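Below you'll find a set of structures to go through.
First subunit A sits with subunit B, and in the next complex the same chain sits with subunit C.
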Partner chain A sequence: MISWRAIAAATLLAAAAPVLLAGEIPPDARRSGYAFMGADTRAMQDDDTSNPGMLFVLDGEALWAKKIGSADKACADCHGDAQSSMKGVAARYPAFDKALGRPVTLDQRIILCRANHQQATPLPYESRDLLALSAFIAHQSRGTPITAGDDPQAKPFVEQGRVLYMQRAGQLNLACTNCHDDNFDKRLAGAPITQAQPTGYPLYRLEWQTLGSLERRLRSCMSGVRAQAYDYGSPELVALELYLMSRAHGLPMETPAVRP
Partner chain B sequence: MPTQANKLLPYTIIGDGIPVSLTGSPGDAARGRALVLARTTTCILCHSGPFPETRFQGDLAPDLTGTGNRWSVSQLRLRLVDASRFNPDTIMPSYYRNDGLVRVGRNFAGKPILSAAEIEDIVAFLATLRD
Partner chain C sequence: MAALINVPSKAKRGDIIEIRTLTSHIMETGFRHTADGKLVPRNIITSFICRYNGAEVFRADLFPAIAANPYLSFFTVAKESGKFEFEWIGDNGYSSTASASITVE
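Showing the complex of A and B:
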């Protein structure tokens, strides 16, 4: 019979070194999409004067200070200087919301804050203002190691995301893991496959010619395998986002990243 | 869902292949070459081959050069129809299958990736790829 002491010891071991399932990338082998890019795209991200994502960050900074809604309040009226109050915050998102009993993305947190505290009209997903605020807030975490998913209350949702990540879907019958765990560094139609580490969202994608969220990226991957994409803000997309962030544990935030 | 239009033609697996054409007639190798190179068929996303005109080739799967030496027409046909019969973990989709899939997009639901005629064209072309 297994003693409680043995179970406790096993749990401690598991906490010290997270158990990897078959195919999962060990922590010291995790690489940002930045490592898969050419020199030109890297240079564009590295130089704030050439990084097109910085225009959104500047817009977000202006929105942060702007009084809106029937409460006539700006983000800054409650949160003060974002450089200190928002530092490291995005590296913990999606984060568990106690009132809702589920994790929310940074975009959803902004939407909730606008509704509850500013009493302002909701911002649609992928709208310019939402992306700008999200980019500005996440930019305050540039360089901060990702810790999303560490909260014990988030664990069941991390697990839900992992199951979705491992599940084959769509007419092409492929799972995220088939490309991003088993075949990164190889080429799909000539373009390198990355590890899908979401270190720089929202990010400027040259293919999109604009800034976009991780949810947009996930939805386009789902369309790629000819699956019905989950809706923006759906529990499934949030769980996938949470799992991906937890999988990128320890990698530094890069927002706003630039990707091909 | 319109079932009649999407119904698959029956086929018989014998040994490690499907010896008889899905449509009952031979495919057209020239059309098959164009299909392999069209990104919508997905072949070229993962495979490379003797196609000097395109640099958008994948390397997730074996190069198609010499395919006609390695496999018979019967084997090629089954590999396209259902590669998972040879390896359940393969990333190669089953091109002639329309059920048992998860969350298929609305535009694709109930349809195989390739039609029987397209498979025959591609098989005819692959058989010509000899070293």
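Showing the complex of A and C:
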């Protein structure tokens, strides 16, 4: 009897939304975290002279032109004017790297350029300079629709990210999907639960009082359910990032966003 | 340190204008401890001054409870064309400046 009812429910779901997997948000219902914020926080993001993320964009612009490393080269020496050369780039990251045979995040791409092309000391994850460079680069994509994950070579990694996103974890035994697909528009304590759209990274979080990467955000959601957070740059975090970006397909980039 | 300044580029004589400033600073309170119990020394901006063609028009004292990257907005009267100069002073000899010009018709 019970199993019959379950089958009936499953067929109903399938009839209502044939192309979507259970729990997924239909494309026209996708909303950036911006849509969940109060008027004050939106105003802060919208005005480039009151958005603290822009301070990091300015720092990144200065770093872009600075010659460093034993190659004594600046990013600008190879990439020229970022306004044209970096336009739209962040919207397709994480991107598949042929030589490495796996996707790399924008931060990892910058780390690779520092190591391979500038022969400079590596920038640690979440360091101020790395965040500033990635904010400066991603800012050049503001307004560009996200296309990351479109590359067929990236598909297996998108799928890996989706599995992780659906997988329950931690002492609270919750999956990302339980909050961000099943319960967005509700609140967790005082905070609105959003759809986890990665449109604004790196972004300025008022709680952090600084700019932070998408990986930092994901790691804090993982500690939130009392799970062991994956390390920065780990294949799992990269896959999750890639899945989130592919899930946000078509949403415009808004770096540097502001979040509570 | 990077700063973002918003001053209208043009104004009519006698207009009340809004000035907004945002500057990079960690504003370390001096009340926090590291994981191994050491006190993180205070490192904040302690005062901010705005001068309009050399004359001080606004000053503020800042304290540990003010968030990182302080944002200040205030008003003044547009009197003559010229320059606004901004100065942030803080712990450990910290000092940073910025400026913006205005045309008053």
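Going forward, the second predicted complex is superposed on the first by the 241 of 260 C-alpha atoms of A that agree within 3 Å, B and C clash if a C-alpha of one lies under 4 Å from a C-alpha of the other, contacts with A are read in each partner's own complex, and residues count from 1 in each chain.
Criterion: contacts are C-beta pairs under 8 Å (C-beta built on N, C-alpha and C of every residue); 3 or more make two chains touch, one makes a residue touch a chain.
Values in this document were obtained by computation on a predicted structure and should not be read as measured data.
Contacts of A:T144 after superposition: neither subunit B nor subunit C is touched.
Look at A:L172: by the touch rule set out above, it reaches subunit B but stays clear of subunit C. Touch criterion not met for A:S220: it reaches neither subunit B nor subunit C. When the two complexes are overlaid on their common chain A, residue A:S85 makes contact with neither subunit B nor subunit C.
Touch criterion met: A:S50 reaches subunit C, while subunit B stays clear of it.
By the touch criterion defined above, A:K186 lies against subunit B but remains apart from subunit C after alignment on the C-alpha atoms of chain A.
After overlaying the two complexes on the shared chain, residue contacts for A:T41 are found with neither subunit B nor subunit C.
A simple residue count on subunit A separates subunit B from subunit C, and the partner touching more is B.
Of the residues of subunit A, not a single one touches subunit B in one of the two structures and subunit C in the other.
Those residues of subunit A whose C-beta lies close enough to touch subunit B in the complex are 167-174, 178-179, 182-183, 186-190, 193, 222-223, 226-229. Across the interface of their complex, subunit C is touched by residues 47-50, 52, 54-56, 58-59, 62, 206, 209-210 of subunit A.
Interface residues of subunit C, counted against subunit A in their complex, comprise 2-6, 20, 22-24, 26-27, 67-69, 71.
Interface residues of subunit B, counted against subunit A in their complex, comprise 39, 42, 44-46, 55-60, 91, 93-94, 101-108, 111, 113.
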